[in-house]
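Heads up: the structure comes next, in structure tokens.
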Amino acid sequence: MDDTRRAVLISGGRATLLALAVAAGWIKPEDARAEGWNKSAFDGRNLDEALKGLGAGEPAQSKEIAFVQTPEIAENGAVVPIGVASALPKTEAIAILIEKNPNTLAAVFDIAPGTEAAISTRVKMAQTSNVYALVKADGRYYVASKEIKVTLGGCGG
Amino acid sequence: MPPRSSAERATTTGRRLRGLALALLVTGCATTPGDQELAEQATAALKSSFKPAGQAGLDRLEQDETQRTCSAAGGKPLAKETAAALEQANLATIRYPVDGKVLGDWKNGEKLAQEGRGKQFSDDPGGPVGGNCYACHQLSKAELAFGTIGPSLYLYGKSHGAGAEVQRYTFGKIYNSEAFVACSNMPRFGYKGILSEQQIRDLTALLLDPASPVNQ
Amino acid sequence: MKIRGSLVGDSTEVKVLMNHEMETGQRKDAQGQTIPAWFIQNVSVTWNGKTVLSAQWGPAVAKNPFLSFKFKGGAKGDRIVIHWVDNRGDQRTDEAIIG
Amino acid sequence: MRRSSADASAAGRGRTKLRALLAVLIAAVAAPLAAQQRSVGEEIAKYRAALQEGNPAELWEARGADLWRQKHGPKQASFERCDLGQGLGVVHGAYAGLPRYFADADRVMDLETRLVWCMVQLQGYSEAEARRNPFGSGNDKKSDLEALAAYVASESRGVRMNVPLAHPKEVEAYRVGEKLFYFRGGTHDFACATCHGDEGKRIRLQDLPNLMTAAGAQRAYTTWPAYRVSQGELRTFEWRLYDCFRQQRFPELIFGSDAAVALTMFLARNANGAPFDAPAIKR
């Protein structure tokens, strides 16, 4: 990978300007955090609460949403690779929800126009659970799910 | 037969194990001078390379006769007579419950089979000590994360039946595996004080009880 | 952070590894005290000043997070900037050049 | 060792009868179990393949590269005059040729031991300071030795293992390592060979390399150091040995000790000929 140890301060991005504002003491970090982080959705302790927090209501099942490079069995729950790809036109956002985690919502990705509606990341899973890929496309919500089994480690537990 | 005191047991066991050492000498475990020197170098390396931690003291590096014999074999099978002597000596260490009951609670047995903690220097000395059976054996249909170092024990009771002889063998095997197969990879759970008599009963029940997941 | 931006056809593939504990707030330390939650909440990826992906994360994202995606466009030498803010207000910005 | 597969069936006089029953049992359950195990194996393989996409070990490698070049310690020296066996400051291919005998120390050293040596000799740290934190945890207790090991190891990627067995002390370390590999002890009678002396075995779902074969030793040794996802840390081969002994219920293996170096020598040498391929990513 390219060497990226050099941190930069100046760039045109909104987030960076925000960072500068925090660094300069113009706004408190708490404000920066609150900005753009959906607390009520992340606080949700089950699927309904998380969906409600996201304003997703009752999403429609969709075959246009696929899990890619997502194993059915995770050798370790601390790192579970999840890839979600949406073939739905005008996909605006992709969220990953894990039913049996203490907090259901794991991540939300906002897909800019021109960005492929496919992301891959890694999540933690407390136990075997259904994993939901929620997609917002053209203002409407769709969902697909997959069960991922989490197995125990070797000697010594 | 009245239960014997632990001191008596220890004396008997010590005698048997000394007998084993003698048997090994007779059956030809003699080492070449090179081997002897190497063994000394290895022992010296061990002594200087470990430190006591948590519940694991340096006494854990002191080998008993069985450990010494199996280590010296270096992965090769023992001579027939040596193996027989070793099995005999270990057989003599098995203490069956005085009331003759070897079947306990299979539900607790299942927990013990899943539990991997116990006796590691990182473990709480007052915490749980398990058998960790699933690390090496398949036992039930439901648990996919099982090891294969030992044979599958799924349906063990269904195929072996639960007659008195099988019960006794199963309890004894868990108590001291070396009594039946010299240099087995399986720990001697009873003899080495890893599991209690009741816990070995519970594991015996896990293997033999018709209601246990092992036999479903 | 380790950022890799590489051209794949007419798109740019971005792969990122970030250095972060992503502590859940559910774990206890050796003394039985709960270890407070500490995790990245917001991530943004910009290419030549334009946001191509932004994300909100909870503590269920794995330690030392990994993220991969593609966007249309991009050329050798273009700059990709990635920025994150965590729940303590700590933040980091790193950049990479598309190779 | 081989006899262990018969463990469940051997029972004195009942031996033959039980063995026959076991044969029936195996025949009855083998087919569906084999299918189940195959699909579990395939899914675990998929899991591991997905992890290869991005290995956080790179974060350690980058930090280690900085540590190698920067001046540190009372003598304000970098590692650029540290000899890892290929000449002063030569990192490329060094890991694939370790452990080896070093005349200046009159000792066989693995990478970590040698790094400690350089920290003491070149940078002026005390031995205790240099060995203070071999295995890090989290952001507050990062280990420089792990980062340096990640960097040095990464510079041997693709280089074939070529551990020498020329000096008498190298031969001695190898033979002592072999002996220790079979040493049974502790409450559970475990030796390295208990888990790593047979083909195609696994513990829970983790495949166990048979370290007695060249192929097994090569597969295992060439993939350390590794990022362990279960810990979120990069771990070295010294750590691998340390944690194996912990699970063997032994006391604590001392970092850089004779036993640690001897076992490393035994396993590294057995891996000779294989292209080195680490830091890897593992469960």
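Just so it is clear, A, B, C and D label the chains in written order, and each chain counts residues from 1 on its own.
Everything below uses one rule, namely that a residue touches a chain if its C-beta (ideal position, glycine included) is under 8 Å from a C-beta of that chain, and two chains touch if they have at least 3 such contacts.
Model, not experiment: these values are computed from the prediction.
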{"item": "Which of A-B and A-D has more C-beta contact pairs", "value": "A-D"}
{"item": "Chain at the geometric heart of the assembly (C-alpha centres)", "value": "D"}
{"item": "Computed distance of Cα centres, chain D from chain A, in Å", "value": "35"}
{"item": "For chain B paired with chain C, centre-to-centre distance based on mean C-alpha positions, whole Å", "value": "50"}
{"item": "Centroid spacing, where centroids are CA-atom means, of chain C and chain D in whole angstrom", "value": "31"}
{"item": "Where chain C touches two or more other chains, by residue", "value": "2, 15, 17, 62-63, 66, 68"}
{"item": "Multi-chain contact sites of chain B, meaning residues that touch two or more partners", "value": "120, 122, 134-135, 144-145, 147"}
{"item": "Residue list for chain A, restricted to those that touch at least two other chains", "value": "1, 5, 73, 78-79, 120, 151-152, 154-156"}
{"item": "Contact graph of the chains (line, ring, star, complete, other)", "value": "other"}
{"item": "In contact (per the touch rule at the top): chain pairs", "value": "A-B, A-C, A-D, B-D, C-D"}
{"item": "Of all residues in chain B, those that touch chain A in their complex", "value": "114-117, 120, 122, 130, 132, 134-135, 144-145, 147"}
{"item": "Contact footprint of chain A on chain D as seen in their complex", "value": "40, 43-44, 46-51, 53, 58, 62, 66, 195, 203-206, 229-232, 246-247, 283"}
{"item": "Complex contacts: residues of chain C adjacent to chain D", "value": "2, 15-17, 19, 21, 62-64, 66, 68"}
{"item": "Complex interface listing, chain A residues touching chain D", "value": "1, 3, 5, 69-76, 78-79, 81, 83, 120, 151-156"}
{"item": "Chain A residues within the chain B interface of the complex", "value": "73, 149, 151-152, 154-157"}
